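Shared between the two complexes below is subunit A, which has subunit B as its partner in the first and subunit C in the second.
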Partner chain A sequence: MITTLAPARALAWIPRGLALGLLAFVIFGPLTNLGLWAVAEKWYFPHTLPLQYGFSFWERVFAPRSNAMASLATSVTIALLTVAACLAVSVPAGYALARLRLPWRGAILLAFLLPQAFPSVAVYINVARIFYTLGLNGTVAGVVLVHTVHGLVFSVWITAAAFAAVDRSLEEAARDMGAGPLRTFFGITLPLAAPGVMASSIFVFLESLDEFTGTYFVGVPDISTLPLLMFNAGMGGNFQIAAITALILLVPSVGFMLVIERFLKADVLAKVGH
Partner chain B sequence: MSAPLPTEANRPAPFLRKGGGRDATALPVTAALPDWVWGVLLVLPALAMVALFFLYPLGLSAVSAFQGRDGGWTLANIAKAFELYSLDMAFTLAIVLLSSALVAVLSVAIGGYLTLGENRLAVTMLRWLYRWPLFIPFIVAAQMMRSFLAKNGLMNNLLIGGGIIEPLQAASLLDWRGVVVTFVWKQTPFVALMVAGAMASLDRSTIEAARDLGAGRLRILAEIVVPQVRPTLVVGLILSFVTMLSVMSVPMMINPNSPTMITVDMAYRINAHGDYGVANALGFVSYAMAGLVGWVYLRHGVRQGGAR
Partner chain C sequence: MSELHVENLTVAYGGSRVLNGVSLHVRPGEFVALLGSSGCGKTTLLRAVSGFVPVDGGRIAIAGRDVTKAPPERRDTAMVFQSYALWPHMTTAQNIGYGLKLRRWTRPRIAERVAEMLRLLKLDGLADRNVTQLSGGQRQRVALGRALAIDPDILLLDEPLSNLDARIRLELRHEIRALQQRLGITAVHVTHDREEAMVMADRIVILNAGVIAQIGTPEEIYRRPASAFVASFLGADNVVPLQATRTERTLEIAAGPDHDAVSLPLGGDGAQDGAQVEMPGSGPVAAHFRTESVRLASAGHTPPDALVLRGRITQAAYPGGRWRYGVAVGGTVFLVDDDDRRTVGDAVAIVIPPSALHCFPLRREAAGTA
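Take a look at the complex of A and B:
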């Protein structure tokens, strides 16, 4: 039996290997192309690979007063402020959705999905129009507001799921021992829900860091985030600068992808959107 | 939203509550105000954000689509939008539908193999592989594809180098095909993750039973697994359908020339003409497309709920 099975097993690796290899090519081919552009000094048709490698474009990007460094600082500032704004409104909202009796609870949950459930370009056009009259166009505050609304679905839904996953008997035990509601919340509920809240913040941070369309309409002309810088470099045909900027954007994305499972446990994940 | 909510009302009364005078449904926050008032107060700031910075501009956009420059009601914007961009509307819908169909097939295949695959090494490799595009921003994906799929991009270079095509056959894929490739590349992991999660939480006994009865894996996937995860699959597809309708960077960078997607047209109307009327009319068309999908989903959901 074993002797006849072994070749069959080995043969099964041919389609499997082909499929996995093709998938790997499709996924990593474009990434490799980006990586090559980041270190290419000279590369033109019909050469398969760059003619000359080097880091002179990196020096330009990482020069202390370069546009890229300024855009990176703007991007990170906006993303952190967006996380703060999202947490400020969604920790109370998530707690209420998880623990308190709310009228129209399903509809309230859905309301936070709406900004993601409508095609957003026309909405941003009109946000820009409104912000123009308020003087918020081209300001960090305006962009943060746009990113916050977009990120609320992550922060509210995941925070609510995180609070719902906290064992209620622990809260009750604290209350029975005489802790007040606020003390119970900050001493028991919030620390236990912290990984989920952290996960929601990561999602919000990444959404904000990578956001393009809203910033494109609301941030003009003064706010240049990394995605806008990359867009302008790419459209201007400066593939090296675009590739290096794209790699800078990829680092947090891939890094967070590798750690997100540590924060987002299955018991929380199962409750998202419920 | 279907799961029973652990509200105070349906929770069994705690045994060990001190002060027996307080009734079992006492509030965790305070007794001074009714529970739901606290709930509403806590939710209100977040809801206000959505109302002010999403619902209000959304309403403004819908209203502006039907207003002329003088403020009167008119259908001229819609008429002009159709006159100038009806090809682009069809193009947009076709691209998004085709991409959604491809995403559906690929994500079911990936989820199915992760659930039913018998070779653990291959399953592990697939699990590691498929997620990479998930967290890669659209704009980065667009730039990557712009260089990868170009006439002198790495894909053609490798195909030529491998002797698969002749140099003269090398063609740029930077048109509708590039947009579809980028959308599918970016959205498949998202839907596959949702679908694989739903598949993993299925009751394995029906799968094992079918397997014992000699059903092949494809048949188990099509007849047992997919029907059970269909709600998750549909939600994932609708979310990515709307995402693809909203993403402006991908068509702008990969397919900027006509025919293109209406997101690009909207930006053009604003940037080149300051024409909010037609831009909002195009926006209205994009809402209609998303609304159509939502309507199909709701009908589908109601029918399913009725059958249950």
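Take a look at the complex of A and C:
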């Protein structure tokens, strides 16, 4: 039966195969390069592959007193503080946007998007200027503030969508049973919106972990995060250190993205930005 | 078991009045159904009683206590929602026990009460099941258990059966009624299903456009609808315009193009088999009758003591039990049930016994729609 198929049919997989191959190369090419650099001891032009493999750079990066470990600690601290700051704003703001009849609702949602709309370098240079006068430059608090403004858009939009996806009758049932508004919020609404709030927190965490421009202008030289370390290593021609740092940054990104995929349900996604 | 007083209640949403001076007294232990088509204000009335809808005027009192301004959590009502409104992050037992937890019952007492509710509602063995794993009928039972567990003053049922399969709906209908009678709880039930209201309620409140059209027992509203609207809403939606004169004992109907003059006995006040006439003196009336309370006879046949309309069969269907015919009389098609099998095109007579007639004064606009 199969042999009777027209030859054109039999060859139809070729363009699709080529397209998939190209896509795979675009995605995995740089990643392969990264992987190779992470385990290369010696690699210089004109050789296509490293001349010698080994883990000596890993030992340097993971040495207890290395810059990398200190930067990782700073990065994670800043990211966690940013998540906390974002939650402090987005939980009340998201609930208000989802439940109350606010005038200018659309405008408020849009306002959180504004920080992303302007050229970031211009914004952060001016932020840095202002922070200088306030003494916030080069402090963890300053960097956390910058990251928070950046992360609020995910945080507020997704949190508002998560609250909007909670059926109102579930809250009414709790009020009807005798729970006050606060009790209803913490006992019913928040637990039901938790997956969405969690997803938004992960977004904020990852954004903060990867953030470079703001940290560069506000934090340098006192604050060194992993992206800054990677930048310095890359600029200094130290590709092994840069590659290993990038891999460290990749782990939480990929891991959390898999988690987000499970947390963010279609009913929440459908309400983002509404 | 408590009484509910609603006095002259007015509710408006954004300028338009949804309830317009509704007064209602539900006696302790009584089951009252609020019946009406969508948009008549029945759900709004229920939500005003439970405290979810702000009231513009009037007064609501539960067990003698004025709760007009009280938030939902300060009213001792328990609502069963159309959408079940069970909390998906809690088990069956946690859902039922939530109200008791709020009332600071001890854990063993809550467990005991929850077990009692599960037994009562035939949900044994489902205590630790996640509510999302239950069937529709089971979910609504859990919702009922949650409402009954706190032993509320008033049980409010907001179309609790309309999301269920037909068979489970019938089953739960009788179960809810039996439970309500056994526990002696006061209940207010919202529905758009006429039969559901008739089967379940002690008294039915028919709402139309934000006002009460009629309050009465199922038999009262069925036999003596207070208005043409109620008559039509309760199935007497065949309407024939007549010229009639009411005397002390009879209704004298003048001859028309499709019927002869006839004199029928009057009903009401004990007389079960006479015509209902809501009009003094004489004039045009809209005579309502039900599809199932009249029968057909061969053309020319004129039984005494009945209004006979001459017509022709235009449609026939067999819904089960009896045949249902569309009979054209003049320009109007009436639906009539009959035991015999007949042919489309046959000339027939619709025989309307006096007890099947509900006559209301005919207004011009009613004449237009008849």
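The rule is simple: the second predicted complex is superposed on the first by the 264 of 274 C-alpha atoms of A that agree within 3 Å, B and C clash if a C-alpha of one lies under 4 Å from a C-alpha of the other, contacts with A are read in each partner's own complex, and residues count from 1 in each chain.
Simple rule for what comes next: a contact is a pair of C-beta atoms (placed from the backbone, for glycine too) under 8 Å apart; a residue touches a chain by one contact, two chains touch by 3 or more.
These numbers were taken from a predicted model, which means no experiment stands behind them.
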Which of subunit B and subunit C A:V272 touches, first, second, both or neither: neither
First, second, both or neither for A:V204, with subunit B first and subunit C second: neither
First (subunit B), second (subunit C), both or neither touched by A:A179: second
Subunit B or subunit C, by number of subunit A residues touched: B
Touching partner for A:R129 - first (subunit B), second (subunit C), both, neither: first
First (subunit B), second (subunit C), both or neither touched by A:V39: neither
Contacts of A:I188 with subunit B and subunit C, given as first, second, both or neither: second
Contacts of A:L264 with subunit B and subunit C, given as first, second, both or neither: neither
Touched partner set for A:D167, first subunit B, second subunit C, both or neither: second
Those residues of subunit A which subunit B touches in one complex and subunit C touches in the other: 169, 172, 175-176
List of subunit C residues in touch with subunit A within their complex: 50-52, 71-73, 77-79, 81, 83, 85-89, 98-99, 102-103, 146, 150
Interface residues, subunit B side, partner subunit A - complex: 1-3, 5-9, 11, 14, 16-18, 27-30, 35-36, 38-40, 42-43, 45-47, 49-50, 53-58, 60-61, 64, 119, 122, 125-126, 129-148, 151-155, 157-158, 160-161, 167, 185, 197, 201, 238-239, 242-243, 245-249, 252-253, 263, 266-267, 270, 276, 279-280, 282-284, 286-287, 289-290, 294
In the complex with subunit B, residue positions of subunit A that touch it: 12, 16, 20, 23-24, 26-34, 36-37, 44-49, 88-90, 92-93, 95-97, 99-103, 105-106, 108-112, 114-127, 129-130, 145-146, 148-149, 152, 156, 164, 168-169, 171-172, 175-176, 181, 184, 206, 209-210, 212-213, 216-217, 227, 230-231, 234-235, 239, 242-243, 246, 249-250, 253-254, 256-257, 269-270, 273-274
Parts of subunit A lying in touch with subunit C, wherever the complex brings them together: 167, 169-170, 172-180, 183, 188, 191-192
